[in-house]
Amino acid sequence: NKTESSDSGSGTSDVLLVGVDDSYPPMEFKDSDGKTTIGFDVDVAKELGKRLGKSDVKFVSNDWTGIFSALEINKFDVIISSVSINDERQSKHSLTKPYIANKQVIVTKKSTTDIKSPDELKGKKVGVQAGTTSEDFCRDLIKQSKLGDNGLATYPLVTQPFMDLDAGRIDAVVVDIVVAKYYISNNKDKYNLSWESSSSEPMALCFKKKDTDLRDKANKILDDMQADGTMKKISEKWFGEDVTKNLQ
Amino acid sequence: MMVKMEKVAKSFGSLEVLKNINFEVTKGEVVCIIGPSGSGKSTILRCLNHLERITSGSVYIEDELIDERVSGKDQLKISQKKVSEICSKLGMVFQRFNLFPHMTVLQNIIEAPITVKKVPKHEAIEYGLTLLRKVGLEDKKDEFPSRLSGGQQQRVAIARALAMRPKIMLFDEPTSALDPELVGEVLEVMKELANDGMTMIVVTHEMGFAKEVANRVLFMDKGEIMEEGTPQQIFSNPKNVRTKSFLQKVL
Amino acid sequence: MMVKMEKVAKSFGSLEVLKNINFEVTKGEVVCIIGPSGSGKSTILRCLNHLERITSGSVYIEDELIDERVSGKDQLKISQKKVSEICSKLGMVFQRFNLFPHMTVLQNIIEAPITVKKVPKHEAIEYGLTLLRKVGLEDKKDEFPSRLSGGQQQRVAIARALAMRPKIMLFDEPTSALDPELVGEVLEVMKELANDGMTMIVVTHEMGFAKEVANRVLFMDKGEIMEEGTPQQIFSNPKNVRTKSFLQKVL
Amino acid sequence: MDLNKLMTYMPALLEGARNTIVLTVISVIFGAILGLFLALGRLSKNKLIDRICWFYIWLFRGTPLLMQLFFIYYALPNINPTLTLPGQWIPALLALALNSAAYLAEIIRAAIQSIDKGQMEAAKALGMSYGQAMGRVIVPQSYRRLIPPVGNELIALLKDSSLVAMIAMTELMKVTNQISTRESNAAIYLPAAVLYLAMTTIFTVVFEKLEKKYSVYE
Amino acid sequence: MDLNKLMTYMPALLEGARNTIVLTVISVIFGAILGLFLALGRLSKNKLIDRICWFYIWLFRGTPLLMQLFFIYYALPNINPTLTLPGQWIPALLALALNSAAYLAEIIRAAIQSIDKGQMEAAKALGMSYGQAMGRVIVPQSYRRLIPPVGNELIALLKDSSLVAMIAMTELMKVTNQISTRESNAAIYLPAAVLYLAMTTIFTVVFEKLEKKYSVYE
């Protein structure tokens, strides 16, 4: 009889509203009709909705800029959109335990041979999507003087650094591994995955600050999904491997 | 007394446009106001129907005090309703016609009777057509003003003013925006009006008209009435030097 | 022969504005063109200095063929240089003055001599001041046109035209945008010009001026020259019925 | 981008374009109504009303539409949860209408002021009140002069409306961005540009027709 | 957001604002020069020149600035690597200038056409060529009428310039977005809005002064 009292706030509706920035393949993006939202996170969200007893899961497409504000003003119940865990987000929202391991990687053009690690970025230009942990990663590099002050270019969309890499204005893209793999597999003869960070960077579902009950329920469901192999299945569908293991 | 101004003065900021104006117009009289540009002729007319407010003095229409001010302060409360009433006693015809371009000739004429006086539409139309016949333009009733010549437009403007059944007609240089060969047709309509006994105040540069039709002529200069008299007195025997020099230039 | 038009016709689209116009002006002559609005008076002047191109016929200035066309087709190549040359022989004064508002009076006058005729600036200024003295406005040389009365503006416009040292002056109703008491000062300047022997073509409604100054008067109606003669002939004894009825309306 | 792929994306693009048009047209209509009142307020003899309207226009023309959108969408609920506007359409329409009202107010004011002063005088001399003169004489005459600048404003809004992507609305620009990330290819912007051109051209033509219709009396 | 935090962000905001102003002013200057030629082209008797200028204006007013930015920045290098413009400033300025040229062309054309036809006639009657008449008489008179609409265009561009965030340039809007994402707080938009208001107000005042200066002869 937990269910009676704990469906708090916006979670009371029969439909789970999920905030996504659906321009982030293969985590969340549009299908070939340009309309249907698909991706790893989308499948996770649907499963979550089912197990929460919701009749339906609806996706609200919100730009990355503003997505956290939109959550807190009840525009949706949860962000399931490759949200990396960091202190800022921990303190302002209610994050679940990690459900997928992410890593920062460096992508270069095939022809680039002199970038094999972050230590070789000095004097180079690096592109990242604005407001992502990739940006944080690069800002740390700048602090450590491994990257020049003017070495960082930030873009609103994750594709844009890749386009600028094509145009030759930047030398490397720092990006989440899952996205990198998607773009590299689509452009096999164009890009190289030059470096992969050893430390993994966990991602979580992000609920409203006040929705701790809902977050706790989601944690339970994530454990279940892990245990019964649902996560593995979804992961293999989108990445061809299981990236949901070994989460700390 | 149809119109009376007593000690009227009018300033725009520091510019004194009218100074100590006193004059009267009796029923059926035709008074012409002449004088150089900027002497304040238009302003006198505009103070009568509250298009401008006087700075001090008193104004009477049909013996009723309609404006009284002392150095810019109202001595008299007047409502919008009262202003409307005054305006419908005074018909005004402008130099530049000022017909409403988006209305046909007939619509121009019936607009004010319907919206201001709440005359029933069919009555307004009937009287409008009578007036159009009077100014000789019945066949143009459905034209837009832009299709008419200047002379025709001015005749419509006269009909529009008459449609409010005014007691007094004010004309502000009604022919000076017209091509010379069109001046005649407008003056003709005005002469007829005068013959019908309409009280009229006419600011004009048409000395011929003033000589022929006016009962009295006022000569203004620099905001003052410098001389006043019958057309004979003013045109044949002006007393004031300024009147003389003005008439020399114009005649 | 200073000016000659032979079988000139001019149409705007399907509207025939001039039909079979033939006339000549000899050196020192003053020709006035009168006629109702829309009869083509302005168009004649504008065809002389290429502001409009004729549809057919020939135009001569100082015995030189400057335009010849047959049903809209050029029979004569004329360069911009040639047009400039023709224009500087013809001074034109417009009804609405058309002074350049962003230039002072003196700048208005010296602009064309300097840019078109490449007169040295000091020479242009010197002659400009002479002309301003002639029209009685030397003290206004540094004013902007907007500060001048209509009559003063028109006198500046005359000086501006004279600054190009034209052989012939064209006037298109130079006084009809003026207040009546300002008409005289402009006519005065024009009379002086005529007395100095300038060849002039004047479109005007000022019959007094035509009577006094013109050597010849042309009466136009509906694009044709209906009657031509000395002022006496035209004003006292018009032969054409249309001339008669026009003069009746205007005088 | 090959034609087949383009054709599969076309329905999504067209739906985006439809949303763009609906957003634009509805906002302009509400913006024009509010703008008319603001314009009359600016022309009012009441200093206070004039000032308030001036301030509104200053504020909404002086800040970017994007900030207004953000303010209405994100900041209002922060100030007070009861100020949360439901869904995406209502805050989007509200922001666009409030923004365009400021621009339209100045357009309408200019049109009214460009009517010959003689018209107001003639109306007053016939005894009409200020309201009657405005309503029957001045404002109707301003319609024709309003059409070209309102058309421009509508077309500007058509393009500015792409900013609503920021508040989770799906219109043409957002659809295009989504597809472009999927494809990692800027070529999709070409058909989108063609759609924008088509929309602006259609609006231009419609407004030219309207202008002609309203010039009968000139 | 407390004042201390605000103060730490202020330098970043101000730098963003500076970039916004520099971008805007330089683009308007180049846009006006190109716009003048486009306007003269539209008024030219040569049908072909007229058509080309018309097409340019139609294209650049009919598509969103964002798409033009994308095209210049991302698509040109795709078409041919030699078309890659270096850095961010040059493509940003190019796109803004090309875009505003289209708007300014129509503004300049309208101003020129609003000059009384008698002025051209008087100039021609004095023997001036078309070029002389334009250069000495018509265009100088149009300056004063140009000031208000050019001022509006500059202010519009001031706000539209925020779109250059798309091509990785940092200006006021982008700085604000970054801070708000980091802080997960929309309050930072308030000081940014104040900065925008300050910039538009300053430009408005400057342009009003200019207008007054150029009206001496009226």
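Which chain is which? They are A, B, C, D and E, in the order written, and residues in each are numbered from 1.
FYI, a contact is a pair of C-beta atoms (placed from the backbone, for glycine too) under 8 Å apart; a residue touches a chain by one contact, two chains touch by 3 or more.
Keep in mind it's a predicted model, so treat the numbers as computed, not measured.
Asks: Give me the set of chains touching subunit C intersected with the set touching subunit D.
Replies: Touching subunit C as well as subunit D, we find B, E.
Asks: Indicate the whole-number Å distance between the mean C-alpha point of subunit B and the mean C-alpha point of subunit E.
Replies: Distance between chain centres, rounded to whole Å: 51 Å.
Asks: Give, as an integer number of Å, the spacing between the C-alpha centres of subunit C and subunit A.
Replies: Between these chains, centre-to-centre, one finds 82 Å.
Asks: Rounded to a whole Å, what is the gap between the Cα centroids of subunit B and subunit D?
Replies: A distance of 45 Å separates the two centres.
Asks: What's the distance between the Cα centroids of subunit A and subunit E, rounded to whole Å?
Replies: Taking the average C-alpha coordinate of subunit A and of subunit E, the gap between them is 38 Å.
Asks: Give me the residue numbers in subunit B that touch at least two other chains, ranges are fine.
Replies: Residues: none.
Asks: For subunit E, write out the residues touching at least two other chains, lowest number first.
Replies: 74, 78, 186
Asks: For subunit A, which residues are shared contacts with two or more other chains?
Replies: 65-66, 69, 72, 157, 163
Asks: What's the complete list of touching chain pairs for this entry?
Replies: Those chain pairs which touch are A-D, A-E, B-C, B-D, C-E, D-E.
Asks: Of all residues in subunit D, which touch subunit B in the complex?
Replies: Residues 116, 118-119, 121-130, 132, 136-137, 140-141, 216-218.
Asks: Considering only the defined contacts, which subunit A positions touch subunit D in the complex?
Replies: Residues in contact with subunit D: 19, 22-25, 29-30, 32-35, 60-63, 65-66, 69-70, 72-75, 157-159, 162-163, 183, 186-187.
Asks: Along subunit E, where are the residues that touch subunit A in the complex?
Replies: Within the complex, subunit E contacts subunit A at residues 73-74, 77-78, 81, 84, 86-88, 165-168, 170, 174, 177-178, 180-186.
Asks: Where on subunit E is subunit D touching in the complex?
Replies: 58-59, 61-67, 70-71, 74-75, 78, 155-156, 159, 162, 173, 186-187, 189-190, 192-193, 196-197, 200-201
Asks: Which residues of subunit C touch subunit E in their complex?
Replies: 49-51, 80, 83-88, 90, 92, 94, 96, 98-103, 111-112, 115-117, 144-146, 160-161, 164
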